[in-house]
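Below: a set of structures, written as structure tokens.
Paired with chain B in one complex and with chain C in the other, chain A is shared by the two complexes that follow.
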Partner chain A sequence: MNTLNAKIDRRDGKLVMAHFYVAFIALAVGGLAGLLQTLVRSGKFQLPAGIGYYQILTVHGVVLGLVLTTFFIMGFQIAATSRTSGTLSNLQRKLGWIGFWVMTAGTLMAATMILLNKASVLYTFYAPLQAHFIYYLGLTLVVVGSWLDGAAVLGKYINWRKQNPGQPSPLITFMAVVNTMLWIVATIGVAATVLFQLLPWSLGLVDRVDVLISRTLFWYFGHPLVYFWLLPAYMAWYVVIPKVIGAKIFSDSLARLSFILFLLFSIPVGFHHQLMEPGIDPAWKFLQVVLTFLVVIPSLMTAFSLFATFESFGRSKGATGLFGWFKKLPWGDARFTVPFIGMLSFIPAGAGGLVNASHQLNQVVHNTIWVTGHFHLTLATAVVLTFFGISYWLVPHLTGRVLTKAMNKLAIYQGVLWAIGMTFMSGAMHAAGLLGAPRRSSFSEYGGAAQATEWIPYQIAQAVGGTILFIAIILMLYIFVNLAFFAPKGEEEFPIGEISDHAEKTPMVFENWKLWLGITVLLILFAYTIPFIDMIQNAPIGSKGYKLW
Partner chain B sequence: MHMHKFEKIWLIFGIGALLVFLTVLGVSAFYLGNQPPSCLATINPEKVDTTAPFNEPGLKKVEGKDWDYELVYVAQAFAYTPGDIEVPLGAKVKVIATTKDVIHGFEVAGTNINMMLEPGYISEFVTTFDKAGEYLILCNEYCGSGHHMMASKIKVVK
Partner chain C sequence: MAKTELNRKTKTEIEDSSSLKGTLASVFLLGFFLIVTWVSVYFLFLNRF
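This part shows the complex of A and B:
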């Protein structure tokens, strides 16, 4: 590993920090929008100045679901690659900067249209609701920019492989490459619906849009999107956390195998978001349900590997008994504790996910606020707390500063506050959803219906949780600004775990991209070709655009 | 590739549980007929008002079918037609619905009726109303500024 950089090159660091600034501005804006939503839905508060509920809902979804995640992930993956496979070449860095500016320009375009109330269609598009074309174009640029960032990572990986023939690539670079491939294959779907359907239609070049095809292309992208969010968190759990606690990585091969399985099984599964739709044959829905559930296998492997690392570390420190190792973990270290809270939240989150993807159970919870509660445990706790945990060391590593004891303590408070706020908010969302309360809806008494009255106490609990979460966001922003500009100068480590001595040599088959991308494409063709042809052959007349907000 | 013995046990147990789970879903879907609403029939969304059965929304008794009643709904921003309706307790009902404009949801809170209404497609679901009471129908897919006002009611009466 002659290319391992203990410290990331300053020029690469600047590129990464640029991504992080946008990500944390997005956190501030999107967090505020989220707070306002929970307050409106409590029924005790109204938005001032003619701002619409669905306008801030669109802000919240776009800014947190697409902007915060994509900018943070691209920054983190560039950092991880530069750290383990060597400094980017000038061309790769330039690609990264172009990608960054294209993404930023796209974000500003989409944001402007949302603020002008010309795009209150939510981040899922929902044709035939028709936004201003600049909104669609802006989000397309975010995706295109992310491809350029991805090209920088892939380019560096190719360089490394050429310089180290016959050797497995550094684990975290490999993982970044898998996630980049996943992202490129997945975003083809959303790019297709925007370029071939929504843009020509919103520009008035064509009158009508095929709604089902647009939705199908969107959800072809929409589910791998959640794995694109999750895999960087897994990178930190597999590779960084062992080093933080002073342990070794349990198995390099199994970590790679689980990432490959995520690549294969996270894409041909979009129909489980469309189970309640009239135009898709139920047998094809069922097939994709089965494929959806195959991600259970790499998820179980990940859980095993993490807890095996924790337990063997605890025992090496002299822990005895069945759970004695638990006490030996470094609970005072925010770099461990905050992501650990995220890991714990993934247990109920995964169980809820099994419910959502089930062929029949989905009918009980589809489009209820249960679903919102679910992804506030997955994305907004497991993933986001891990991203915060990464920021605690990566930001000072890049800015040449250190995480002080006081900031570390504040960071732990931040994580605990997040857990408390989310327990209230997500718990109340799950409960109200089971009673039928819809997601993505402003406060309503539904004409005094008795059932809707039962939901209101839960909505107040959501506002309490949302307020606590917003305080946690303010703390996080304070810590970020401190680490970026004010913390004392010094050296903060970029922790990269070493492989356990007991682990066997990693087989080279994992680097065989022809094989893995080939199987990925075959699975996608298998799951989508026939239903897609059905949709085109049996398509009803397309829909004209509507602006109903 | 070497795997720890405990990991093997863990994965065998996990994959076994997964197989049992998927078998249950499959038997329920293909043997018991518990499929999600997937009618596969299309309609011209601009001619809903003149296309049967949507030219006469509401509850209709039917003979010689597997269900006793057909309950037909037309959705548009931001209302359902018909408004409040009464259904006799214990009736087996086929709910048939479509939309005239954008995508809407059709959820009857507290029941398993939950379907997407998409322009150009007909959505159907057969169910038995076996508990008396008032059920709220609401739109659970964002459809515009009046989305949260879009509602109707089913009264199940003896």
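This part shows the complex of A and C:
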């Protein structure tokens, strides 16, 4: 049964666009907060009207790291499923809408508390910093709403499998399903800490909170969260980009295997964010470091597959020599060039990630602004530029408009401007981090300490980069509004690549969820059971809540 | 006959269009960059701790 829709059903399209409106409003608000942060940290600017630095830091982190990403990803995954596995059923679409409104209500609750300065607990909301309970409740609703969105995707996938027994599911639907499962397994951790620890504690039902357990549950969620952001970008890189450039997907099986490996190895690795944390046995940290390094395998598989797609395409166009194919790529097409800049940024991002995760080597960079520089390359460049690249064709596809030549040109400028801004900002963050500059903290001369004086030029470079990035954000918002409301009417393609004729037949083992989820659970139990028993048995007296802002 | 063929100088400039040698070189360069970054910070670590 052929369920491939060349055009997404209008009703599904409305649901996707609803998610995108919230995502791009989040980009505007969070981007402004980011600009203000870099200006404050330059030491040349003070926030007006009693607004606190840590308040805008929380806005920036939550609104971009949680709201923009979750809304965009849920919208994109619904679109990809509807395009390749068929229009959602009325029940699935209704679930999607309920999910959307629950997430939106949760976002508004959390945002209100941050704006009222009742929840300046930074992006990681680490205990013992204590926010107003409505903030935690709001974040819980964002997660619960995303589960409902995920249920719509899973429901459609189950329908497809029933209608097409013995056949591998459409690749991009399969990828959306892996990412949805990853998200559900990961969010159990953050749901547990919020429901059983932070909510009762912020409501005053209990006085104290176990800090180590809450942080461990946060990072059980926090690392796969990174892959939840990254996998939709990989969906575009593996499936969409080959079609955009006129090539074929190098291997369906390789793509599926790399996604399965991400499902297995991105969860039992949260300790690599806690390598300097007391109270966790170094042997268990080491085990999770080893599991973290296994993620290098699917990352390099992805790099290989992309290079191979590009080279095969270039050679089919007559390219010769070792790198002649590079020139044959369609550099004038924003749908390719902007995500390509993202791919490129993932190379230094990955290199930095290896340093972060290398157990004792983490001491060099832990809690320094190097880490902030790192995730501005992974999330805020590789992922976000790919999301922008997706928007350039998906938004007009859904609104029945087209990406004009002028907008395409502007989109390329936007991507290049982003790359320049991020080179300044993230580069300066990496350098200052190696000199010991702390992350999270506001501007300070630290009593005139010589070491702190060294950081200031880098902080000014960050403000320059932040300003360029903010201009790129304004361009992006302009393009989004144009594509949503003003671009000429027409048909914009939702590009879905075809598998190369040379690729092997895809084995059905990839769809065996009992096997993959079974191994996922076993790995999690292996990596976390004994450390958790240890933490509970040797728990110190919990901490009271602090509001330091 | 066979000898004549062996002696004939054939031009082999036409590249195999399915060649992935650029991909091989690219992933090696990528791996090299990862190792150089890691080793640089490792020496910083050795100096400091």
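To be clear about the criterion, the second predicted complex is superposed on the first by the 548 of 549 C-alpha atoms of A that agree within 3 Å, B and C clash if a C-alpha of one lies under 4 Å from a C-alpha of the other, contacts with A are read in each partner's own complex, and residues count from 1 in each chain.
Operating definition for what follows: a residue touches a chain if its C-beta (ideal position, glycine included) is under 8 Å from a C-beta of that chain, and two chains touch if they have at least 3 such contacts.
This one's a predicted model, so the numbers in the text were calculated from it and none came from an experiment.
Of the two partner chains placed by the overlay, only chain B lies in contact with A:R439; chain C stays clear of it.
Judged by the touch definition given at the top, the superposed model places A:I541 against chain B, while chain C stays out of reach. Shared-chain residue A:Q77: touches no atom of chain B or chain C. Contacts of A:A308 after superposition: both chain B and chain C are touched. With both complexes placed on chain A, chain A has more residues touched by B than by the other of chain B and chain C.
Of the two partner chains, neither chain B nor chain C is touched by A:Q414.
When the two complexes are overlaid on their common chain A, residue A:Q363 makes contact with chain B and with chain C alike.
Within the superposed three-chain model, A:N482 lies out of touch with both chain B and chain C [touch as defined at top]. Of the two partner chains, neither chain B nor chain C is touched by A:T140. Look at A:S316: by the touch rule set out above, it reaches chain C but stays clear of chain B.
Residue overlap on chain A between its contacts with chain B in one complex and with chain C in the other: 300, 304, 308, 354, 358, 360, 363-364. Residues of chain B that touch chain A in their complex: 1-4, 6-7, 10-11, 14-15, 18, 21-22, 25-26, 28-30, 34-46, 77-78, 101-103, 105, 107, 109-110, 112, 114-124, 134-136, 138-149, 151, 153. Within the complex formed with chain C, the residues of chain A that make contact are 300, 303-304, 307-308, 311-312, 314-316, 320-326, 347-348, 350-352, 354-355, 358, 360-361, 363-365, 434, 502.
Per the touch definition, chain A reaches chain B in the complex via residues 52-54, 57, 120, 122, 126, 128-129, 211-212, 215, 251, 253-254, 257, 274-282, 285-286, 289-290, 293, 296-297, 300-301, 304-305, 308, 354, 358-360, 362-364, 366-368, 435-444, 446-447, 449-452, 503-504, 507, 538-543, 546, 548-549.
Those residues of chain C that touch chain A in the shared complex are 15, 17-23, 25-27, 30-31, 33-34, 37-38, 41-42, 44-45, 48-49.
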